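Chain lettering (A, B and C) follows the sequence in which the chains are written, and residue indices restart at 1 in each chain.
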Amino acid sequence: MKVAVTGLNNIDSPGPGVPVIRALKDSPDFKGDIIGLIYDSLEPGAYMKDVSKMNYLIPYPSNGLDALYERLESINEKENIDVIIPTLDSELYSFAKISKKLESIGIKTFLPTIDQLNYRAKDKLFEFCTKHDIKVPKNILATSIQDLYSIQSEFNYPVVVKGIFYDAYIVNNFDEAVTYYNKLSAKWGVPIIIQEYIKGDEYNVAALGDGKGNAVGAVPMKKLYITDKGKGWAGITINDPVLIEKSNKIISVLKWQSGTELEFVKEKGTNEYYLLEINPRFPAWVFLAVAAGQNLPYALFKLALGEEVEPFQSYSIGKIFIRYSWDLITDLKMFEEITVKGEINHG
Amino acid sequence: MDKKRYERPVIIKQYSGLMNKFGSSPVTKPMTEIDGIPIRRMVDEYGSPLFVFSEKKIRENYRKMYRLFKTRYPKVQFSWSYKTNYMNAVCSVFHQEGALAEVVSGYEYDRARRLGVEGRNIIFNGPDKNTASLERAIKESAKIHIDHFDELFEIIELTEKMNADVDVAIRVNMDTGIYPKWDRFGFNYENGEAMDAIKRIIKNPRLHLTGLHTHIGTYIMSADPYRVAASKLVNLANEIYKQYNIVLDYIDMGGGIPSNNTLKGQYLQAEQILPSLEDFADAITSPMFDLEMPHDELPTLYLENGRSLIDDAGYLISSVIANKRLSDGKRAVIIDAGVNYLFTSHWFNHKIVPGQQSGEFTENSAVYGPLCMNIDCLRENIVIPSFKKGDLVVILYVGAYSVTQWMQFITLRPNVIMVMEDGETELIRENENIEYINSLEKVPEILKNFSL
Amino acid sequence: MSNYIVSSNLAISDSGFLFYPATGESFTLNQIGIFILNKLREGKDENAVIQSLVDEYDVDKNTAERDFTDFIYQLKQNNLVQES
């Protein structure tokens, strides 16, 4: 059995690839080899000998579908991949679009549909959630600076300015909004999401939907330490039935298929949960869910293979993750291999 | 002694987080032929730059799209959006496939008539239909889609003066949840203006309301707005049926379905984020089943697809004039086709691929046209292999709006050919010459003599 | 005719990977790139390098000269060679 995983960029804003691999390997039932798929020659996961056996560079999403498919096809000729688990937001559209083609060469995936991907990204989320009694901050999609003028009439400052894939900034006035609009649109393109700012604590849920409306599992976490980039550097599993119920409901109404990270904020004063975002992949802290008793990535792997999966009933409360960094030492030879051949082999 | 194969020497600095060689090499897959005809041969015969249309591709696109709609709704009629590409040969292919003509000016109307399309097979849209062209359209029983009240009143006056009856539809604009909202064309749905116009038409004995029309925008990147638009038109049609017992002949959902050409400012390629054609067909057809008239009297679904049927059937072959290094070390390639032929490059990042086998090393480059103007830039950044002077490149997705919006600025417009299904190439528009351009100009007598 | 001094200690592997120890930068080159850089390291001047390109590869003198000029420009940009 060979499983290829992307997102080995275990950096200060980490991709979920390495924790997903760790989760697979953590399952006593998992027998197989891991293949790392990387976009950059310095993705740390590719240099970790006990993470993946082989690593291959693949083309960036902005290079188009053919480029990606052709590269995967040629890797598959050597490796005979059974399952690919993509873990990065910006690549999911591409993988979802070529999933049928991948299936035809024997590679299985378990991904959200394009519609589901669109639903979570657009202002439709607002309409959709209010219809199902899920509170969400107000959103507008800006495709030009012109659109920022409507902030005044729709919200009060501060507002949150978000890129379509990543990055979010809290801004206090129009000028700041313009600055971050320009910054984000240069990096990730348009639209830019302008969101009402809800004051309160953030809660995150790692979950897995089976595509039929059931949540296979859901583990909520409160961030204990947040970096200046807004990333959780430590977190603890908590017991909140309301949060679980809300997560199950979102997965059920969306018939979500694949892993997800749901981001909520609990409004100060009212204690109401607002859904901030539906991330279409597991979070980088997903191993906390595994440690708490729900091996969601392994369950996803089984779903991808078409096997039945029993929903998880519980998880341990009070499990803590604390992220740390570690300087891996390697030689120029390794860097040369990946740069020139596009491969790193840990055999 | 056999010499070793040569390619341009290349050195590329490795940056982390930037394009790697494996990431970029497939992009450079060359396109050496179109429908089996080597592009080099076409250039030898017809010159460079050269616009090429594929008859086969146009027909395939049309048939695929038609099948998608026809399998979802029983009565479907396409009309070809002239403004997208009104080259006679191109229009003829669409008419052979069964498309009506959709025109938006007296000039386009004239083009369709000269091509042999009868008035009753012309949909006359647009905000500017002058009196003469309205008169002609009424006389020739074209389908007039009324855009505003002034036009409605002019048509009423004309029918009285001409003592003629006329079939009309109205164009409806509405909120479909997309930005920008196109509310400048037609009558508004939400504020009741559309229904007002409908009542006025129905009251007039000479005017016969035969259809409803909307066109929600261009390059619409999600299918849902079409669902909203279709249900609003279906509501109107049901209202007309219930109140006046009139069954409309057709509901015209316009066009606006995108091609896979990628807009500037978009991080992902169009093909990755756009809904499939099936999604658009589902969104447009599913509300049609809420129509309340008897099933054997259901209105026909009209569509005015343009871009989505022609964009990928058009190619622009161009030759490399020179390579340059810009002051910051970035490579620039100058080719013989510029923004004067590709107006669309102002908002699209047209794909540009090599026209011959090239080395595996690629480099981020700017691609400039030949005009002595700073605006003449086709791509600010594109990862392409190195070229020699005289090498060919092929610019993709140029079938829509290029050969209608092009101009003879600084250089004259080149040949346009069509690769026919039988493998022959046919010249469908000859390159312009100085006599052709000058024949329209007049120099006042007093200016004719000068000595330098 | 120009002579070029190649920065010292450059590590070039057969695979076309170049590491510049003085700055920590790395580069990739294609086979022709390696060929030219090695000739320059041997101390060959512009004429000699171009002549050896024409002798060993299927290329005419004009093309070789033009490409050589562009290549040298890139090497200079990256501080890998200096004109002597």
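We adopt the following convention: a residue touches a chain if its C-beta (ideal position, glycine included) is under 8 Å from a C-beta of that chain, and two chains touch if they have at least 3 such contacts.
Being a predicted model, the structure only gives us computed values, none of them experimental.
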Where the centre means the average of the CA atoms, what chain is farthest from chain B? C
Per-chain Cα centroid nearest the overall protein Cα centroid belongs to chain B
By count of C-beta pairs in contact, what is the leading chain pair? A-B
Which whole number of Å gives the spacing of the CA centres of chain A and chain C? 45
What is the distance, in whole Å, between the centres of chain B and chain C, each centre taken as the mean of its C-alpha atoms? 48
Roughly how far is chain A from chain B, centre to centre by C-alpha average, rounded to an integer in Å? 37
Of all residues in chain A, which are in touch with two or more distinct other chains? 339
Please output the residue numbers of chain C that touch at least 2 other chains, ranges allowed. 26, 28
Chain B residues touching 2+ other chains are 14, 21
The chain A residues in contact with chain C across the complex are 332, 335-336, 339-341
Residues on chain B engaged by chain A in the complex (per definition of touch): 14, 16-17, 19-24, 26-27, 29, 177, 179, 222, 224, 265-269, 271-273, 275-276, 279
Residues of chain C touching chain B in their complex? 18, 25-33, 35-37, 53, 56-59, 63-64, 67-68, 70-71, 73-75, 77-78, 80
Tell me, which parts of chain B touch chain C in their complex? 3-14, 21, 323, 325, 329, 359-361, 388
Any idea which chain C residues touch chain A in the complex? 13, 15-17, 19, 26, 28
